[in-house]
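Working notes, structure below.
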């Protein structure tokens, strides 16, 4: 198969698909083809496709479940005017629950409630499951066998991520020893964090927010 | 607005929209823009976009309600394989219709509906005819002159049968679970045929379901 | 629920007046209350603004720019209690979690007051557990905010799609097993209560097949077919009988007509229709 043709088919397939397409799925397009391209061919073609987007309004993006084309961020706001409806906003409760599932998975509802200090409404869990951001991956072997929740690839796709690694890192916990070194609590791992932590505990949180925001505004 | 940017926004908008976009709708994207492009600008940009597709897998198409990108015809077949993964299945309704035509031929759509108790969609009949499993062999001489359907040789070929005789009898069907999946039905002796065929050939063809039942009760 | 109304500003000191903290009767409250007095109308909004006791406590601590690691437990407890009492006075149904926290604070406070026994080494700071929970909660509160700022679909990102054109002569050759067809028939027959018949149907099928063949022959020849052409002697007597039965059957069903111009002249078979092949369906 000609490279030009390969690139065209890949472009068309990714655009025609309902969701991101993995390399495996793309390779299967050529399965019965006599001159089926190799994985390396496909990867190189995808690379070419990515570069060809330079002057275009869209870009090729690799997210958790594969490749998709998306509107370039620089012009997304302009394009967003197509839709009258405002994009959905999510409550703090939902986002906190989602964050706990993302960072602590697999996790039970009870464990989420322990951290948040309040009950998690079933409505929130239902919404997360219905959006296919979260799924039950098993049950904890304790009385009641509570469901264990984990995030899905669709969650990563939605947030433009390839893997959980790409989530913003959690703010470090500080040891109370930093204040009272005499009291050895023995619970938390005594790493090197306390020193930096001492510096300015409150501000780090705020800075990271601003960082992320400015990063994605341009 | 820069022409390059205009082209990018138009491309992104048409690709991001859920349906074709009219020029009016595209113009509205720039409504509050100080340097809003004119209609002529947009048209010329669309033209440029169209030409830029030369080497791509997609093309810009003007359909009744506006512009959309679609996969080029030449590679559409290849791209369509994306959806082949899940082999399509015929509906129960289609299989029942096919079975009734096989066992009760020649039969009209109305007669099929009588047995099934529900309307037979033209889509089903069309599919069976297109597949060349079923053909119209005549018309019943009643008002409306409904088409009479029968199975074809292609039907027999597909199911690896030499003749309809090799289909199990209705009675045997009751024990279908006992029938070997490969349906090696060719062993049945054919010599009793004439005698019993004589018995009452007419009734099955014309008379309604209930009639058949009452008449043939032993 | 909007961010503006739900996020108590984390960093309070000297950093006021950006976004309204809450809107009460149309008046924006840009500054979170610095003392304990909250306008009664604002109280509900205020409570709504918190995601629970940990969130409220965190707010109380941050508001005074205190270090989470070194909470002046007495002062914070007092403030917390005052909120709770006020809310109870307003007869709001407080989530049980708020009361549990009140009890926990009271306990820590009393333990802090107890004189330390020197012998017990490595005694835990009574606040340790609370501090751990506060920090942990803060961690995820922050993570949730970070998550919210990530570019995401529908809001910042839009997937690009092209449609697939109608593919010409695309034959969808759906595989079907005979067994499936038979099962379908079994179903429809049971529904139609056909199985009460004890007839053997095998013969009928060959008869029916022949009927279809005769009709097809007629259709293909587009008119008259000579009677004898419908028989093939090489099928033997059996085949001839079946063909004959089929023709009789078709005659009876008024699907064909026989025509003969004079006695002993060839018999012709034709479709019963006035016109041969018109108007299907």
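A, B and C are the chain letters, set down in written order, and residue numbers restart from 1 in every chain.
In the analysis below, contacts are C-beta pairs under 8 Å (C-beta built on N, C-alpha and C of every residue); 3 or more make two chains touch, one makes a residue touch a chain.
In this text, all values refer to a predicted model and were calculated from it rather than measured experimentally.
Visitor: Farthest chain from chain B, going by the mean of C-alpha atoms per chain?
Guide: For chain B, the chain whose C-alpha mean is farthest off is A.
Visitor: By C-alpha centroid distance to the whole-protein centroid, which chain wins?
Guide: C
Visitor: For the chain pair with the highest number of C-beta contact pairs, give its two chain identifiers.
Guide: More C-beta pairs are in contact between B-C than between any other chains.
Visitor: How many angstrom lie between the centres of chain A and chain C, each centre taken as the mean Cα position?
Guide: Computed from C-alpha means, the inter-chain centre distance equals 20 Å.
Visitor: Hey, how far is the Cα centre of chain A from the one of chain B, in Å?
Guide: Result: the chain centres lie 40 Å from each other.
Visitor: List the centre-to-centre spacing of chain B and chain C in whole Å, with centres computed as mean CA coordinates.
Guide: About 27 Å separates the centre of chain B from that of chain C.
Visitor: Mark out which residues of chain C touch at least two other chains, giving numbers and ranges.
Guide: In chain C, 158-164 touch at least two other chains.
Visitor: At which residue positions does chain A touch at least two other chains?
Guide: 12, 15-16, 58, 69, 71, 76, 79 - these are the residues of chain A that touch more than one other chain.
Visitor: Could you please specify the touching residues of chain B with respect to chain C in the complex?
Guide: Per the touch definition, chain B meets chain C at residues 12, 15-16, 58, 68-73, 76-77, 79-80, 87-90, 92, 95-96, 98-100, 102-106, 109, 115-117, 122, 125, 131, 135-141, 145-148, 150-151, 158-161, 163-165, 167-171, 173-174, 176, 179, 181, 183, 188, 190-194, 196-199, 201-202, 204-206, 209, 212-213, 216-218.
Visitor: Quick one: which bits of chain B touch chain A in the complex? Just the residue numbers, please.
Guide: Result: residues 4-5, 7-13, 15-17, 21, 25, 28-30, 55-58, 69, 71-72, 75-76, 78-79, 81-82, 85 of chain B touch chain A.
Visitor: How about chain C: which of its residues touch chain B in the complex?
Guide: Residue list for chain C touching chain B: 158-165, 167-168, 170, 172-189, 191-209, 211-212, 215-216, 218-219, 238, 241-242, 245, 248-249, 252-256, 271-273, 277-281.
Visitor: List the residues on chain C that touch chain A in their complex, please.
Guide: Interface residues on chain C, with respect to chain A: 1-3, 6-7, 10-11, 51-55, 62, 65, 67-70, 95, 97, 101, 122-125, 127-128, 131-133, 135-164.
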